[in-house]
C-alpha cells in the first residue's frame, strides 16, 4: 500500500480528474470533466438529479471504470491501485447502503474489519466512532429498526472508522429533518481543513455552509468551477442547474 | 431483453422439469425447451449488440484478464478430470471393499484375450442397475475389458441370441464364445471368465468316500457340491476315491480330501494314507467333534494334536441357534501363504470345531504351523451332549482358557517324488466347507488357498477371491425407526423452527 | 485476510440474522425425515411379506438380493435428497449477490480493502457453509440408519461427500447466477434452469443415437451420473475434480460479473 505523500499527511488527499468521460451505452453520463481538489479542501459537487454527480463519485471510488480520461487520488488510480486508494478513502453513500440485519456495533465492526483494522485497533476505532457520532445508546440496536436519521448517522460513521484523509459523502442529509441535518453537517464541518472532503449534494445551503470550492455539473458537463461564494454568489445561481444554460468556470 | 431471458429460463425449467417428473421428454417438454432456448439466444444477441461499454483499454484489459483466468480454469478442470479418469483414481470406502476387484480377478483378466467385452442388458427402471454399473466401471478401469450397455427394449434380437430373460444381466464375450451372468457380482463374473478361459485342467483332486465322508456330489446344505464347483472353476479335476477299495492313492493326486468320516477308517485305508503322505502326498483333513474315525490318530503321527472337544469362543455371539461361542468367528491368523490374504477384517466361520494344534515335528526338518486361531478367551468343552442339544456346556468352570488353533499345516520335505514335499492342512471342522457355509465370509478363500498350497500351485494363486456379497436385508426394528424419527426427524426441525422464531422476533424488536 | 474474515463474519451474521435460513434448514430436516421414514416403512412391509412362512422366509434363501436396505431405502432416498438440493439450494443462493446489488451495498464493499475476488470468495465460503449445514441436517436421519444397517462409517462418509459435492456444485451455479443480476427472482430461475440442464443430459442424448461421441461428452458434463458412485461407497477423484471445476468456473464467472458491472 502506498503511503500518503508528505504534503498530504494529516491534510488530506489531492484529487485530479482529466477529461473524464463515462458512457452507459449511448448515454453520456459524464462528458470530459476536468477538475482538481486540493488536500484539506472541502469540495462541493453540485447538480440537479441526473447531472452526473453520482457517476463522478463512482469513478472516484473505483466502482466504475472511465470510458475515457482519468481520475487520480494522490497520483494513484482507483482501478489499478485500488487498495492504496481505498486505504485513504472513507465513503458514505445514501442510507440504503447499509445492512439492516446487523446491529450498529456489528455493522461498524464489519466496516472496520473490511478496512483492515483488527483486534484492539478495530474495537478502539468502533468505540471511538460510536462516541463521536453519539451512537452508544443504539449500539446494540438492529440497524434496520433505527430511524432514518440514525441510519444516516451510522452510514456516515462507518466512513470515519479508519480516520481516512479523504472523505466522500453522497447526499448525506437527504431525507432528514432540520435537526438531523445539523448534526450531520456538524460532523462534516469538523473535518474541514483536516482532511479532503468531497461532498456530493444538490442542497445549495449545505454547499454554502460546508464547501470551500464547488463544481456544478449539468447533463454530464462541468458548467461551473470555483470558490463557493463566486459560483453560488451570483444573482441566479439556479441558472447553473437549468438545462440549456451554459456558463464557463 | 431481460424479460425475454427470464421467460426463456422459466420455459427451460418447466420443459426439463416435465422430463424429470414424467421420465420422458414429451411434446410439452420439447416445445418449452425449444421456446426457452430460442428466447435465451435472442436475449443474448440483443445483450451483445448493446454492450458497447467495453471499448476502453482499461475495460478491455480487465475483461481479457478475467476471461483468460476463466478459460484457464475451464481447461484445467477438464484436463485434470480426464487425467484422473484415465488413471482410474478412486477410493473404495465400502465396509467390505466391494468395489475393489480381487487379485484373482485381476490376474485372470490379464490372461484372457484382448477382445474380451462385457455388455450390460437392462431395463431403465431397474434399481439394481446402478450397482452393476459401478461394478462394470471397476472392470473397465483395469483396461482389460471393454464395457458397454444396451437397453433391453432396444436389443430384443441380442436378448434372444444370448438367452437373456431378465434385466441386469451381463454377457461376456471373447473369441466368439460368450457367457451369460444373470446376477452380476464380482464373483459370478469371475466364474464366468474362468469358464471363458477354459483353463487346462491339470491337477487332480481326489476326495475319499466309503466311510461316510462328506460327499462332493451332494447338493443340499450338508453336501459339498459347492466345493466341487469351486475346485472345477479353479481348474482342478475332481474325482472320487473309494478308500476301502483302494490299495494306493493314485500317483496323479495333487491333493486328497478326507472330509470328516462318520465311520472308522479301515487299517488298510489308514495305511494307504500313511504311505501316500510318506511318499510326499498332499492331504486336506477335515475333522469333526464327536467323530472318531482314526483320522485324528493319523494326524497325530504327523505332529498334530486334536483332542475330541469343542472350542467354545465367547468372542463370537450366538450363531445359527447354538449356544454362545460354539461356532467361532476367527480373525487371528498365522503368517502363512494360505492366510496371507486374511486379516482381522476378513473373518472365517467355523461350525463347532475341534482344536488342531501343531504340536511337534516328526523330524527336525519338518515345518508345522497353526494358521487360524480362536480368541484368547476361548476354552475347550468336552460336553458334546449339551452342545448337540444347543445348550450351554456344563464344564466351563473346570476348563482352561486360552488361544486354540483351529487350522494347522505341516510341510514334510521328504518323499520319493523328486522335489515335492508332503503337505497337510488339518481343519478342526468340516462344516466350513459345506454348501451352507463355504461362501460365508472368507471361508472360500481359506479352503481354496489350502487346496492350492497342498497341491503346490504357485504362491500367486493363493489369493483373495471375489466377494460373495451378502446384502443387509434385516429390517430396522420399529423401536429403532421411531427413535430415529422422533430424534432427527422431528426434534431437530422443531429446534430450528424455534430458532427461526427467535430470529424473527429479534429482527422486529432489536 | 482481516477484511476477508470480516466479510465472512458479516455474511454469516446477515444470513443467520434472518429467519429464512432456519426455516430452510427446518424444511430440509422435515422433508428428509418424511421421505426416509416412508421408504423405510414400505421396505419393512415388503420384507415382512417376503420373510413370512408362506413365501419361504430367510432360511430358504428365497428373498431376492435386491430386497435390501441399501437398494430399496438408502439409494432412493439419496436420489430424492439430490433432487431436493436442486429445489432448495438456489433459494439459498439467490440473495447472496443479487441482494447486495439491489441494496447498493456492493458499492460500499468495493471501497474497502476487499477486492472483487475476495468479495466473491467470502460469499462463496458462507454460502457453501450453509449448504453443508443443510446437508448435515438432512443426513442425520439416514446416517443413523446407515450405521445401524451396518454399511459402515466410511461408506457413510462417501455418501455425504457425494451429496456435499453435488450440493456445492448446485450452490456454485446459484451463486454465479446471483452475481449477474440484482433480482433474486432472476437469480433463482436462472439457477434452476442451468441446474436442470446440467443435472442429467439423457433428455438430449436420446436424440444423439447417431453421435455417440457427443452423447458421451454430454454424459460426462452432467451432474447426476457423477453422484451415483458416491452413493455406492466409491469416491472417484474425477468426479471430485468435476464438482471442484464447477465451483472454480462459477467462482470465475461471479468474479467476472463483478468486474463487468464496473466496465459496462
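The first chain written gets the first letter, and so on, giving A, B and C; residue counts start at 1 in each chain.
Keep this in mind: a residue touches a chain if its C-beta (ideal position, glycine included) is under 8 Å from a C-beta of that chain, and two chains touch if they have at least 3 such contacts.
Bear in mind the structure is a predicted one, so any value in this text is a computation, not a measurement.
**Student:** If you count the C-beta pairs in contact for each pair of chains, which pair comes out on top?
**Tutor:** The chain pair sharing the largest number of C-beta contacts is B-C.
**Student:** Which chain has its C-alpha centre closest to the mean of all protein C-alpha atoms shown?
**Tutor:** C
**Student:** With centres defined as the mean C-alpha position, give me the chain B-chain C separation in Å.
**Tutor:** About 32 Å separates the centre of chain B from that of chain C.
**Student:** In whole angstrom, what separates the CA-based centres of chain A and chain C?
**Tutor:** Whole-Å distance between the two chain centres: 43.
**Student:** Between chain A and chain B, what is the separation of their C-alpha centroids in Å?
**Tutor:** Centre-to-centre distance between chain A and chain B: 72 Å.
**Student:** Please output the residue numbers of chain B that touch at least 2 other chains, ranges allowed.
**Tutor:** In chain B, 53, 56, 58-59, 62, 506-507 touch at least two other chains.
**Student:** For chain C, what residues touch not just one other chain but two or more?
**Tutor:** 17-18, 262-264
**Student:** Give the residues of chain A touching no fewer than two other chains, as numbers and ranges.
**Tutor:** 24, 65, 101 - these are the residues of chain A that touch more than one other chain.
**Student:** Using the touch rule from the top, collect the residues of chain B that touch chain A in their complex.
**Tutor:** My answer: residues 50, 52-53, 55-56, 58-59, 62, 506-510.
**Student:** Which part of chain A faces chain C closely enough to touch in the complex?
**Tutor:** Touch residues, chain A against chain C: 24, 58, 61-65, 82-83, 86-87, 89, 91, 93-94, 96-99, 101-102, 106, 109-118, 158.
**Student:** For chain A, which residues are in contact with chain B within the complex?
**Tutor:** Residue positions touching the partner: 23-26, 65-68, 79, 101, 103, 140-142, 144-145.
**Student:** In the complex, go through chain C and note every residue touching chain B.
**Tutor:** 16-23, 25-27, 29-30, 32-34, 36-37, 40-41, 43-44, 47-48, 58, 63, 65-72, 75-76, 83, 137, 140-141, 144-145, 148-152, 154-155, 157-158, 185-186, 189-190, 192-193, 196-197, 199-200, 203, 206, 220, 228-229, 231-238, 241-242, 244-246, 248-249, 251-253, 255-256, 259-260, 262-264
**Student:** Per the contact definition, I'd like the list of chain B residues that touch chain C in the complex.
**Tutor:** Listed in rising order, the residues are 2, 5-6, 9-10, 12-13, 16-17, 19-20, 25, 29, 33, 36, 51, 53-54, 56, 58-59, 62-63, 66-67, 69-70, 73-74, 76-78, 80-82, 84-85, 87, 89-95, 98-99, 127-128, 130-131, 133-134, 137, 183, 471-476, 478, 480-481, 484-485, 487-490, 492-494, 496-497, 499-501, 503-504, 506-507.
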